[in-house]
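These are the structures in question, set out in turn.
Next come two complexes built around subunit A: one with subunit B, the other with subunit C.
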Partner chain A sequence: MELRAENIVYEYDAGTGYAKRALDGIDLTIREDEFIGLIGHTGSGKSTLIQHLNGLLKATEGRVLWNGRDIYSQGFYRREFRGHVGLVFQYPEYQLFETTVLKDVCFGPKNLGLSDEEAESRAKEALAMTGISEKNYETSPFELSGGQKRRVAIAGVLAMRPEILILDEPTAGLDPGGRDEILGSVARIQKETGSSVVLVSHSMDDVAEYVKRIVVIDKGHIAFDDKPVRVFSHIEELESMGLSAPQITYVMHELRKAGFDADTNALTIKEAADSILSCLNIKIHGSAD
Partner chain B sequence: MSIVEAKNVKYAYKSKDEDGKEKEPVFALDDVSIDALEGEFIAILGHNGSGKSTFAKQLNALLVPDEGTVFIAGMDTSEDEHTLEIRKTAGMVFQNPDNQMVASVVEEEVGFGPENIGVPTDEIWERVENALNAVGMYAYRESNPSRLSGGQKQRVAIAGILAMLPKCIVLDEPTAMLDPKGRRDVLEVLHRLCDEQGVTIILITHNMEEVIGADRIFVMDKGKVVISGTPAEIFSNVEEMQRLRLDVPEVTKLAHELKNRGIKLRDGILTAQELVEELKGCNIIAQQ
Partner chain C sequence: MFKDITLGQFYPADSVIHRLDPRVKLAGTLIYIITLFIGKSFFMYIPAGVFLVSVIILSKVPPSFVIRGVKPIIPLIIISAVFNLILTPGNALVSFWIINITSEGIYMAIFMIVRLLFLITGASILTLTTTPTKLTDGIEKGLRFLTVFKVPVHEIAMMMSIALRFIPILVEETDKIKKAQMARGADFESGNIIKRAKAMIPLLVPLFVSAFRRAGDLAMAMEARCYHGSEGRSRMKPLVYARRDFIAYSIILGYLALMIVLRVFGI
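Let's look at the complex of A and B:
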């Protein structure tokens, strides 16, 4: 599996006096079993980019290739393709509409032309993956909590068994408990199915904790595309783009300034704690000598 | 002086079943008492559905208590004749900036409120200029609000409230849709208004980093206030906060992890500087 965006340019209101270039030469390749964080300030082009990745927007210039085939070419089945690259919009719970949870999640697979039985079995599988219990299948989606609604909406996309799942700020507006449930489910699904996930997020802490690769978009360009450790080592550039490093990284920098041999590459609580303990230990041993 | 004084507030959303009969009320607010003094920075935390937003709406008489009382600068919200004055005193900013913009030019947006209540034209312009300066958006006064970033829009929304010369601003998750810079800018403006102009701030949020600088925090669960205190007090209890589907700041989490691994640190460490100071102390002990 490979999704490749080649030199994508996209202009809003192209050909008019108001033309505005939202994407300006994007090259991006997504392969199997990846967990990618997509970050960038408001208006950087993130949302425009993800809409290109499943063909909702057509690039003004450049190509998008799905397993080597141009998705804009004649005879390319775009509807089927959208099942392969599933997109979960911001606040997806606003798009729930059916009378029961199960029916809502069946909608996508049925639209792909699957039989009722097959659609239902996929829906149940998807609901299980997002942690919605069987007793809620016949409930109206509107009676669920905010976090549950959002998980049902994500299940609706998962039921199409996408090979790439793109989520646009899936935790916006949720409490920390809801955030952990959603990101925990997404991480587990990624691991168990080996599919790829693209997580659009404004939380550097969440990105640092979960993803394996970070793509930073700034002014319609890709500014960085690398491992989290490498991307977050560019604190000053990130800040000048309206972004930041994880909180933990700032702590490690403060410690270093104060004379501790703290590892500024630590991104998670666990890594930071390991590093702090080892530099305290060195001091203990140093004094014993 | 007390700007907000909510005492034993109970409130239930009324709903009817299929036969049109009133359902048993579920209390969204169940005996809530929260107060804020002039110039205080108050934060309210709580998981989705804990009653935070219902409480916020009580503060400018969008909702009034079923039982108990809410006084805003001494005015009872349940008395209709105070409603306009209460809404001038306590302004509200919501989560989605796009839902609260009405004009096509920033300065008209900010002038909308004062114009509506019949402020003389010269004074409107003066208020608009002051408000836009206070939120750092004066340079954008002739822009179209729809072309601004989320953080800029929220700052314009705050300016619109400021132009009403409020004593108190209530913000319901104002940064939920913003990027890190937008968040920082909005928070900075709120602290400046609080410190320099003595405006009381009531900030409702899910972001634990944003409440570190608050004077006091109230934590809500199932329509009740379950914990209240200073940030250091509130965040001393990591497990309890997580049980309430909340969290603690990342630095606090790190300090907690270090403590669990045997390093002696005090509770309620909130900032990188505090942690560094504490660890320096540990180092001295370790070396002895």
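Let's look at the complex of A and C:
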């Protein structure tokens, strides 16, 4: 499985006087079992880019290849392809429309031409993965809480069993608890299904803990595409793009400046805590000498 | 898919027409439409055409933009032309089956096309040169006298301005929901009419839900700022007639008089 974007250029209102270049030569390859964070400031082009990855927008220049086949070519089944590359938009809860939760989640698999039974079993599987309990299957999606609605909407895409799952700001508008819940389930889904996940966000803190690769996009260009640790080492460049490194990274840098041997590559709170403890130990030990 | 609709859109420019008081433009548009119905011959449409073209030139709106606003109405124009063509009695030029094409029919068809084109262009000039806010202000103040008859003029004007304000928002929302459902494999393009109508459900239900949600939010925000209708409400920019507005009124009235005279003398 491989999804490759080659030199994607996209212009809004192409051909008119107001043409605006949103993407300017993007090269990106997504392979099996990846967990990618796509980071960019508002207006950097990240939402435009992901709509190319499932063929909702057609690039002005360049191609998108799915397992080597051009998705814009004649005879390519884009509808089926959208089942392989699942895209969850921002505030996906606003796309719910069915009378029951289960029916709504069945919408995607049914559009792929699956039988009712198959669609239902996939829907149940997806709902279980996103942590919606069985007693909610027959309730109206409009009666659920905000966080639950969002998980149902994510399940709606998940039920198509995409090989790549792209989530656009899945934590927008959620409280910290809801945020951790959603990100936690996404990480679990990635691990369990082995599908690739692209997490789109403007916040490094959202993704630092989970992803294995970070793609930073700025003004329609890819600025960095690397392991999180390496990307975070470019604090100044990130800040000039209106982004920032995770808070942990700042803390560790400050500690280092203050003369502690803190590990600036720590990504999670736990790693940071361990590093701080160990360097405190040495300090205490050293002063006792 | 809604990008091409310019009817009802505002075109920002700095022109005499833009600066006119909205009441003048509303009255002018009304009078212009009346004169189109007074007009009975092509000859009478010459002054109407001159009037329209000079207003367009004065408004500094690019003609291509005005023409684009007419496009969505073309099917309507064609239908009315066809009906006039085949249903007007008179000297038959061509006749087959039950269809008689008469010379009067051809004349009427062309006449209707011109009349509708003039009508729509004239009306779209009003919205192209007047912001929705000013337009509703103009309606509110221009129709103030109706409050005597217990017509809630202010409330109607407020509803109109809110409705206009929400059009672009709902268009954008529709586009978003459409894309989201397409990402779930929805198909809006293929199939017969029934299948397509059914395919609209996943689009329309979320759209209605969000429209009601937005309406609720807006009502809450208005109440939070103590909105309570027209009573005792003052304006930041009250409408006041300037000299150019009186000049415009006299030109419009002169034009109306000319058209009446032409009609009475039956030219």
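What we mean here is this: the second predicted complex is superposed on the first by the 286 of 289 C-alpha atoms of A that agree within 3 Å, B and C clash if a C-alpha of one lies under 4 Å from a C-alpha of the other, contacts with A are read in each partner's own complex, and residues count from 1 in each chain.
Here, a residue touches a chain if its C-beta (ideal position, glycine included) is under 8 Å from a C-beta of that chain, and two chains touch if they have at least 3 such contacts.
Remember, it's a predicted structure, so these values are computed and weren't measured experimentally.
Novice: Quick check on the superposed pair: does A:Leu65 touch subunit B, subunit C, both, or neither? Answer first, second, both or neither.
Specialist: neither
Novice: In the superposed arrangement, which partner chain does A:Tyr94 touch: subunit B (first), subunit C (second), both, or neither?
Specialist: It touches subunit C, and subunit B stays clear.
Novice: Output check: A:Met1 vs subunit B and subunit C. Expected answer is one of first, second, both, neither. What do you get?
Specialist: neither
Novice: So in the superposed three-chain picture, is A:Ile276 touching just subunit B, just subunit C, both, or none of them (first/second/both/neither)?
Specialist: Touch status of A:Ile276: first partner only.
Novice: Could you say whether A:Ile235 touches subunit B, subunit C, both of them, or neither, answering first, second, both or neither?
Specialist: Neither partner.
Novice: With both structures superposed, pick whichever of subunit B and subunit C touches the larger number of subunit A residues.
Specialist: B
Novice: For A:Val9, select first, second, both or neither according to whether it touches subunit B, subunit C, the two together, or no partner.
Specialist: The answer is neither, since A:Val9 touches no partner chain.
Novice: Thinking of the overlay built on chain A, is A:Ala187 touched by subunit B (first), by subunit C (second), by both, or by neither?
Specialist: Touch partners of A:Ala187: none, neither subunit B nor subunit C.
Novice: In the complex formed with subunit C, which residues of subunit A make contact?
Specialist: Residues 51, 54, 56, 79-80, 82-83, 86-89, 92, 94-97, 107-108, 111-112, 142, 156-157, 160.
Novice: If we count contacts the way the header does, which residues on subunit A are in touch with subunit B in the complex?
Specialist: Against subunit B, the touching part of subunit A is residues 40-43, 145-147, 172-179, 202, 204-205, 242-244, 246-248, 250-251, 254-255, 258, 260, 269-270, 272-273, 276-277, 280, 283-284, 286-287.
Novice: Inside the complex, what are the residues of subunit B that reach subunit A?
Specialist: Within the complex, subunit B touches subunit A at residues 46-50, 95, 149-151, 173, 176-183, 206, 208-209, 242, 245-247, 249-251, 253-254, 257-258, 261, 263, 272-273, 275-276, 279-280, 282-283, 286-288.
Novice: Which part of subunit C faces subunit A closely enough to touch in the complex?
Specialist: Touch list, subunit C to subunit A: 176-177, 179-187, 201-202, 205-206, 209-210.
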